[in-house]
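Worksheet: one structure, shown below.
Per-chain residue numbering starts at 1, and chain names A, B and C are given in the order in which the chains are listed.
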Amino acid sequence: MAVFEPEAEGLVLDAEETGGDVVGRSPWSLAGRRLLRNKLALAAFALFVLIVAVSLAAPLYAHRVAHTDPYASNLSGTFQLNGKTVQVIQQGAGKLGLGETPVGPTWHAKYFIGADSQGRDVMARVLYGGRASLFIGVGSALLACLVALVLALVAGYFGGITDLVLSRLMDLIWAFPLYLLAISLATVLLARPTTKPLKIWFITLQAASLWIPLLIIGIVYIPYVFRPIRGQVLSLREKEFVEAAVAQGAGSLRVVFLEVLPNVLSTVIVLLPLMIATTILTESALSYLSIGVQPPKASWGTIVEDGQTLLYTRPWVAIAPGIMIVLTVLALNVFGDGLRDALDPRSKVRMK
Amino acid sequence: MVTFAVRRLLGLIAVMLVLSVLVFLIFFETPGVDPARLMAGRNPNQATINAIRHEFGLDRPLPVRYALMMKRMFITRDLISYGSHTRVIPEITSATPVTLSLVVGAAVIWVIFSILTGVAATVLRGTVFDPILMILALIGISMPVFWLGEIVNLFTQSRWHGFFLFSWVPPLGYTPITQNPLKWFEGLVFPWLTLSVLYVGFYARVLRANLIETENEDYIRTARSKGISERRVLLRHNLRTSMITFVSLFGLDFGILVGGGALLTEVVFGLPGVGLLTYNSLTSLDLPVIMTTVIYGAFFITLASALVDLLYAWLDPRVRPT
Amino acid sequence: MRARSLFLLVAALGLTATLAACGGSSKSSKGTTSTSTSAGAAGGTFIAVANKAPSGSPDPQIDYTLQEWQLLIFTHDGLVAFKRVGGTGGTQLVPDLATSIPNPTDGGKTYTFTIRKGIKFSNGKELKPSDVKYTFLRLFKIKQSPNAGSWYNVIVGGDACVKTPASCNLDQGVIANDAKGTVTFHLTRGDPEFLDKLAVPFAFILPTGTPNHEVQIPPPGTGPYKWVEYNPNKALKLVRNPFFKEWSKDAQPNGNPDTIIEKLNISVEGEVTQVENGQADWMFDLPPSDRLNEMSTKYSKQVYINPLTAVLYFAFNVRVPPFNNLKARQAVNFATDRNALVKIYGGPKLAVPTCQILPPGFPGYKAYCPYTKNPGSGKWTAPDLAKARKLVAESGTKGAVVKVNTDTTDVDKGFGEYFIGLLNSLGYKAQPQFLSADIQYPFCQNSKNKVQFCFSSWYQDYPAASDFLNVLLGCSDFVPNSNASPNISEFCDKGIQAQMNGALKQGITDPSGANQKWAQIDHAVTDQAPWVAMFNPKYVNFVSKRVKGFQFSPQWYFLIDQASVK
């Protein structure tokens, strides 16, 4: 659901900044200076880095602090809380003794925000979930941007039938229902016997591999990036410096790489954080619908889904991963905004 | 203009055709999928499975099967769901009012609030309110709708339900407007608000950016220099121009949502609309319903984008397509 | 505990023969044995709520779900019926549209029924023997009746009808005489379950002239109610049949409510809330686990818990590594903490751990559990991890990759997650293979897919040990490369199969002697560990405050029309 208005020129300088003191500076360093002046964007970037760091430190938390395995069920387990032995899954209450309830937030190292219905430490899972969500989010955004960039360069530069075919292909991917693609692809991959896992280059697509949602989301978002870049390449082709390069006898590959690519790169850079924000949201939606990351592994979306059946009794299971999603996506959006203002002050590229 | 409309119509049909063929092929390539076996119940013998396979034409070659399904969907309109064995078309037509109720209500909310927010932020530029409003808008964009829905449910259905402000909230579900307009309204208030949060944030930001951009256009400057009041300039001239982008985006989003894009909201609030129908048919791999909902969705999405293009061409002759 | 797959839980319910079924299952959790309908007054509207429409078809001769059968029993009648009462009495066959239950002649191959006079369909037409014949012709002619080819082809001419439905006539198999008021069935062989097959909705009598293709709402019937609405996205609605006059309280008693509505497409959470608030009278689906607590504390008087003769299990594939190794299978059985699985299902009040194939109270059941700490009592007490690790080491299967296959409903996925952790801790490399509930069962059945470890469940068709042991673990029930192969384990032990065949033969003349044999077979199979049997489940019914006269039949579960809302 992104909307782009392709930016014709790559970097544009603000009227105020084309004054004397910037003579001789490259547009990139100008952009860097502008970004450094934007405190909010820097704070957002710091928050994102913090979330990444915390997620990377998940094993440390699980093993050193909570002493738990975030993937193993612990349904019959007990633990010590304030000197008392507490059951992880507590027996049903009331006259009928129905309703097994996992332990709620202890606000201690163990089960800090409680357990899920399998008796696993939710805090540890949220941290591990961050690894999965970020891996898939960043990975699929990079994949989408990279593939889209290459295709857009090819389509935009060569034009004609190449352009037509690629553009129609993109339209098709765009109109294809994401959830259907996710469900059927996951089923196809899941159904393969263990002896014959699917291999794509260096990636082994095991049933529960994080690469599956990564690839699905990455592919789905290619048109998202393809369209604005293609537009930009098309207009660049008409520019004098490209025409000059062609006139001087430069090969088309050379022109694309040396003349066109550097000019569209800033667009891709502006798009990347916003794309990551989008792909993280998409991944969480897929996992929430149980077609993304498969349990016992977890992403933030998976944990929200786990928490749904505990919503009224143990709301923290669903609340905590959601907060992480909001913080991460917000940080990326704010930072992306700042990056765009810095690289592209006329704010032509927008996204949702 | 007519040729343009015809071309878009042909394009629409082409997209739906290719899409439906793809969906069809993917379905029959999915392992474990055997509609006849599914329909045959718990412990059928092979003869029964074969009889059903024959009855539903599942033993014919793929192209024939595809043609049969299309015929039953569009011509005889008696396509039968593999899951419930009931007609698919009435299922969709009875789900449409639910989705329309949800989307139209949410759209009203998001249009009003995003215009208010966008204009307020523009007017208050330079004060602390502008960045605050824009951060709030960003927070709205950053929230997963299913999570927001769950939190809303947690409070309105459970935690605060006893509190007088929320005690009127009915249990999750949908009441048709024809049956009880008040219950219809009550049941949709929170789904509307939840769905519109994202769009309020997004549209407010788009509008603000557009307002600021047009502010620097020559004719606005001229109007201002002629002594027309600031408010009048903003409302009569600037806002009007800026609404072009707004309206075209709105058209696209509205089409996507009516076509089943409100799936997550419908799932969280248990609203039996097109999105929920699509989701259920996907998880139960019920091909006739999948095909119909996919085509239905693609129809609205492509129709909306064609309409928006037409609107654009009408509003702004420079971009009239050739 | 989200709504379990109807396909397994509900479509699963088939025949119940006349033997005592659920071992006193009629008792509700409160210990009050339900008695007949006198508890409430007639009138009012009974509102049921359900998450989805019955999967299958509105057509009574095609539908195979408890959800629709629960309603069809009081809109239609068979020649015979299961007695409409709660408790063990509910498995007893009584005459319904027939005046009495005939004794078969001709070596069990001929049944002659006399049809009651003066019974009218809800369209005002009078029931005639020719309607019976028409009903059975239609059963074959609509081509999709799931059990036409497995249950009703025992009627002479049935096999030909399955093969070529268009030319189906049953002239030799069903002979109706309107003048004498009789219908005679000729069978190709003696079938001890034939009467049971006449008592389920496939064989409920429909009026002559009902279209010979799938209908979109159940056609007129003879019961106290008739169908007026069948909208799978909205509701099912039944109102009183003005032509109904009670002829047998046992077979088809008059109902209490004036109108019965089942509202559809309501989230399971919403169902609970509506019943709590009194906006609905009963929820069809099992309540979600996070609501059980409040039901147990605040609404305990409105909850009824009844045990089911069913078992939930994971099947090993005994032909694919690593579980082609007996020690590996036994190791997993020793290691399984059945209490943990019970907790996932909803706690000890809703399920009882088991190690064996047959459920408690079943013919041939003798408690047996070798896979526990301190075996001997027959009861499962705790896992024996030390023994499990030793067996894994001895089997030499450590490090093998195992895909744990289950469906994507919350509870069933929970079982899968538990076993992934367990198998990993035993030294295997476990991976999830969670498939949509609608394809998981056939997927596991097909040997081509080489599923190693698969979740499944079995609910009785009829109370006979063979329904579990022979149907699920018999040699002939493994069909290679077929989606219809109920023996998921691909288990086939020649010695045990010979014993089963012997017990089947003995059962015709000496049922109790045969049941002793079945007990031995049950234990022998359990020793071979083709499954990890997990537990025997119970059923939770949640009704509104105003509902009186709750009765639970082992055949039809909650008898809706016998409850009162006035």
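Please note the rule applied: contacts are C-beta pairs under 8 Å (C-beta built on N, C-alpha and C of every residue); 3 or more make two chains touch, one makes a residue touch a chain.
Bear in mind that the values here come from a model prediction, so they are computed numbers and not experimental data.
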Task: More contacts between chains, A-B or B-C - done: B-C
Open item on the list: Per-chain Cα mean versus the mean over all protein Cα atoms: which chain has them closest together?
Closed with: B
Open item on the list: Please tell me the distance, in whole Å, between the geometric centres of subunit A and subunit C computed from their C-alpha atoms.
Closed with: 46
- [ ] Mind checking the centre-to-centre distance between subunit B and subunit C? Centres are C-alpha means, answer in whole Å.
- [x] 40
Task: For subunit A paired with subunit B, centre-to-centre distance based on mean C-alpha positions, whole Å - done: 23
TODO: Could you list the positions in subunit C whose residues touch two or more of the other chains?
DONE: 408, 435-436, 439, 443, 449
Task: Residue numbers of subunit B (touch at least two other chains) - done: 30-32, 153, 157, 283, 285
Open item on the list: I need the residues of subunit A touching at least two other chains; which ones are they?
Closed with: 183, 187, 191, 311-312
Open item on the list: List the residues on subunit C that touch subunit B in their complex, please.
Closed with: 7-8, 11-12, 14, 52-59, 62-64, 143-150, 162-163, 165, 214, 216, 230-234, 265-267, 269-270, 273-274, 277, 279, 408, 435-440, 442-443, 446, 449, 471, 479, 482-484, 486
Task: Residues of subunit A defined as touching subunit C within the complex - done: 69, 71-73, 75-76, 89, 91-101, 117-118, 183, 187, 190-191, 193-195, 206-208, 290, 294-296, 309-314
Task: Contact set on subunit C toward subunit A in their complex - done: 1-2, 29, 288-298, 300, 303, 305, 337, 339-341, 343-344, 346-350, 401-403, 408, 410, 413-414, 417-418, 420-422, 424-425, 431-436, 439, 443, 449-450, 452, 540
TODO: In the complex, go through subunit B and note every residue touching subunit A.
DONE: 15, 18-19, 22-23, 26-27, 29-32, 131, 135, 138-139, 141-144, 146-148, 150-151, 153-154, 157-159, 198, 202, 205-206, 209, 213, 249, 252-253, 256, 263-264, 267, 278-279, 282-283, 285, 290, 294, 297-298, 301-302
Task: Footprint of subunit B on subunit A - complex, ascending - done: 1, 3, 40, 171-172, 175-177, 179-180, 183-184, 187-188, 191, 277, 281, 284-285, 288-289, 301, 304, 307-308, 311-312, 315, 318-319, 322, 325-326, 329-330, 333-334, 337, 347, 350, 352
